[in-house]
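What follows is a structure written as structure tokens; I'll ask about it next.
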Amino acid sequence: MSTAIDVRSVVKHYGTMTALHQVSMAIRDNEFFTLLGPSGCGKTTLLRCIAGFESVSGGDILLYGRDIATLEPNYRPVNTVFQQYALFPHMSVLDNVAFGLKMKGVGLAERRARAGKMLEMVHLSAFADRMPSQLSGGQQQRVALARALAPEPKVLLLDEPLSALDLKLRQAMRVELKTLQEQTGITFIFVTHDQEEALTMSDRIAVMSQGRVQQIGTAREIYEAPNNRFVADFIGETNLLEVEVVTASGGMAEVVLPGGHRLRCAAADTTPGRHHLSIRPERLSIAAEGPLTGTVERVVYLGTDLQLLTRLPDGAPFTLRLQNSARTQVPEPGSTVSLQLEDGAARLLVD
Amino acid sequence: MKGVRHYPGFLILTLGCLLVLYAPLVVVTIYSFNDSSSITSWGGFSLRWYVDVLTGPESARFAAAAWNSITIAVLAATASTAIAVAAALAMIRSGRFRGKSATYALINLPLLVPEIVTAVATLIFFSVIGLTTGYLTILIAHVTFCIPFAYLPIAARLSGIEEVYEQAARDLYATRTQAFWLILLPLMMPGVVSGYLLAFIISLDDFIITNFVKGAGMETLPTAIFGSVKQGIKPNIMAISTVMLAVSVLFVSLSYLVNRIGQKTRT
Amino acid sequence: MAGGVLPPPSNRGGTGWGPLRVPLLIPTWVMIGIFLLLPVLLMAVYSFLTKEFRGGVIWDFTLAAYDQFFFDRGLFGDEPPVIEWTYISIFWRSIWQAGVATLACLLVGFPTAWFIATRAPAQRTVWLFLITIPYWVNLLIRTVSLKFLIRDNGPLNEALIGLGLLDHPLPLVNTNLAVQLGLFYSYLPFMVLPIYAAVERYNFALSEAASDLYAGRWTILREIVLPMVRPGIVAGCILVFVPSLGAFLAPDLLGGAKTYMIGSLIDEQFKGSQGNWPFGAAIAVILMTMVLMVLMAQARAALKGERK
């Protein structure tokens, strides 16, 4: 598989503030790649550097091997779907979609035909002559998508394109986006701070925080094998326990749990000393005997699940998720329970 | 109890305010249709003074003055609008830079300096550099003091247009020039039109500065009217005044409407 | 790819207009810098030059123009200097006339602005439009119209006599009152607009809170509203006072010899061969200095207010 966009040690300063610290990532051809991270972590900045709206302070951006970091946006075969859509308010839907083709010098008849096709693809053929202000938010969103796809860019950049839509529409658009990506074969770089969105749509995800890449991997990899505390904490829910590492080698470690029990687990870091252990709440169960004991403080009813808030003997909070089925025995608040870990439930993290 | 917004007598004062503002204009408009040659008595409705402006003994003088006024206003409004558009792009779309507040002060300078001072300073300047006062000097002075009037609505409109439209155009392979002409300028249009119209009226209306830099034999409508009025208010002056008044009201209304429409098509 | 033939320009600072800033600003710098700022500075220099008897100047630096403004040295210029009151009193009269006009504008303008700002939004634009239209009508025409209206046997006097309120015409033209009325009429919209802007931002809940705490209507106006909208009032007063100070048309057309103001005094120095350009420049410099002082005082007060 070839690399579509190769971001190499990109640095971006705004005055004294550094928005991107040596960011590197290789985005593969035909991939649905997501940038995920909390607000202000630099996702938009990276996207704008790729699109050319922002110049990089250092590093290279390669598009299929060619350095594009110093090109003006109109010389980059990369198109953007903007968060607020940015449809040209003085042009009809069709003219909006045909704009990129017009700029590329495509003749009137052909660009009308191609723009029409794009509108068909997003199910908006009937709206070709409307003005953008006469469309609903979801329709505008799809026009923005058609407009960015019409010139057949090598890479499509999407900056939180679904954030302005309501929940129902957002869920429908996720499917539609994914289908479009598969149909067109264009590489998508998708920005979001919604992890559910990231996990359901992406081939691979780059988790970012404070201008740095924390981890790149598939949804399963970053969920089940987080590298560090930030990723484990940011993706899904997790319990973080401080533990003493006894021995560690070959990606496995033996650690001492707060109660004194020893546990073998997968490890991202194999240096001895005190480290954090991540245990996913849904990988735990209540058993007659287990390596951990906790006092139940509260039971929260979540519909499909029950959330059990407990406290370990040393006072640390510890959460479990139990499936809400008839067989589940719900402990009374105040009672002490033994907790059993499934295989592979725990993972030792880099700090 | 009528609420804390209500103060007794404020409505009366507001109406009084409008009465003061409009009474002289209304009276002159009415008397411009007076058939009598005396300005004191009403002799019935007629258009004779409008005919007199067009064909009477002073018609040649007024025609020349009107021609000068209109051509100067068109040229000055065009030039100052173009300059104001360029300035607005630099002031609003190019981030912070050294000298920005000084430039801002410079743009507003024509509004801060009293007109009579501008008039004196400009006259002295032209005489020192040896430029004979006439059409050209009036035009230069008008372009200069029209800039802030064109700038204000243009800058206001531009700062309401998000940068993302230009970025979208650039992203879709438009050059900077294409993005400006095809996207930004059409979006700025309401501001540009309203700036142009205001600059046009300001140029058309100016008396004090023009009077200083016009040179001998050169007249614009206001200086011609002023010259006539010195000998007393004659009915033909009222006819001309009414026409100019109508032009001003028309242009301001247009400018206002364009802005309203612009707000409706808000981006 | 688009525009493939030309070597693509390198990208400095994305899509902003930063790279073109200087060429975009050059026309403004040239026009206002060369044709207004430079002339104003040149005017200051000119005020220190020597008058030639035919109305021109000699490039010899002297304080003669300022000396003439402030001191009287007798007919032949050899007596010990005493304060010359002629010009100072013209300035004083200008300040007085402008002050009276400003006060009148404030007394009418504030209620008007308040009234407009408390209408429904759709009505507001109409009222505002009505207030602004006269501003855009030629000042000369407006002043001439006013003169036509208030002259001795003009429509106003006739109407007042017709109604039996007067038995002989009230002579208005050529009085101080006429000039004040002219200035009031010329610049009233300048007072209404900034006060309107301030009142529109005023939070009426403050008035309600004060009213809840037993304050009466006029107490609220004095104690709560006026301090809150003060910046608008100050801006309005300056916008009326400054142009009134240097006004030419109202005193020239509505006043007479007794109501001479700075504008006419300056104008006279540039007329024909009796003119005195350095003296005219000096008067303009003094006027400009006064205006700058007013503006700076306001800027200071505004800065102080912001820091609070």
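By letter and in written order, the chains are A, B and C; residue numbering begins at 1 in each of them.
The rule we apply is simple: a contact is a pair of C-beta atoms (placed from the backbone, for glycine too) under 8 Å apart; a residue touches a chain by one contact, two chains touch by 3 or more.
What you are looking at is a predicted structure, and each value in this text was computed from that prediction instead of being measured.
Undergrad: Specify the chain with the shortest distance from its C-alpha centroid to the centroid of every protein C-alpha atom present.
TA: Here the chain at the core of the arrangement is B.
Undergrad: Among the chain pairs here, which one is joined by the most contacts?
TA: Result of the pairwise contact count: B-C comes out on top.
Undergrad: Quick check: how many Å separate the C-alpha centres of chain B and chain C?
TA: Roughly 17 Å, centre to centre.
Undergrad: Rounded to the nearest whole Å, what is the centre-to-centre distance of chain A and chain B, using the mean of the C-alpha atoms as each centre?
TA: Using C-alpha averages as centres, the distance is 56 Å.
Undergrad: Distance from the CA centroid of chain A to that of chain C, rounded to the nearest Å?
TA: Each chain's C-alpha centroid was found; their separation is 60 Å.
Undergrad: Give the residues of chain C that touch two or more other chains, as numbers and ranges in rising order.
TA: Residues 1-3, 13-15 of chain C touch two or more partner chains.
Undergrad: Mark out which residues of chain B touch at least two other chains, giving numbers and ranges.
TA: Those would be 167, 170, 173, 175-176.
Undergrad: Listing for chain A: what residues touch at least two other chains?
TA: Expected reply: 52-53, 72-74, 103-104.
Undergrad: Which residues of chain A touch chain B once you look at their complex with the stated criterion?
TA: 51-53, 72-74, 78-80, 82, 84, 86, 88-90, 99-100, 103-104, 133, 147-148, 151
Undergrad: Note which residues of chain B are touching chain A in the complex, please.
TA: So the residues of chain B in touch with chain A come to 162, 164-165, 167-176, 178, 182-183, 186-187, 265, 267.
Undergrad: Spell out the part of chain C that touches chain B in their complex, as residue ranges.
TA: Interface residues on the chain C side: 1-3, 13-18, 20-21, 23-25, 27-29, 31-33, 35-40, 42-43, 46, 108-109, 111-112, 114-116, 118, 127, 129-134, 136-142, 144-149, 153-155, 184-185, 188-189, 192, 204, 207-208, 210-211, 217, 220-221, 242-243, 245-246, 248-249, 253, 262-263, 266-267, 270, 277, 280-281, 284, 287-288, 291, 295.
Undergrad: Sort out for me which residues of chain B touch chain C in the complex.
TA: 4-7, 9-11, 13-14, 16-18, 20-25, 27-28, 31, 39-40, 82-84, 86-87, 89-90, 93-95, 97, 103, 106-107, 109-110, 112-118, 120-125, 128, 140-141, 143-145, 147, 163, 166-167, 170, 173, 175-176, 179, 198, 201, 204-205, 207-208, 212, 222, 225-226, 229, 233, 237-238, 241, 244-245, 248-249, 251-252, 256
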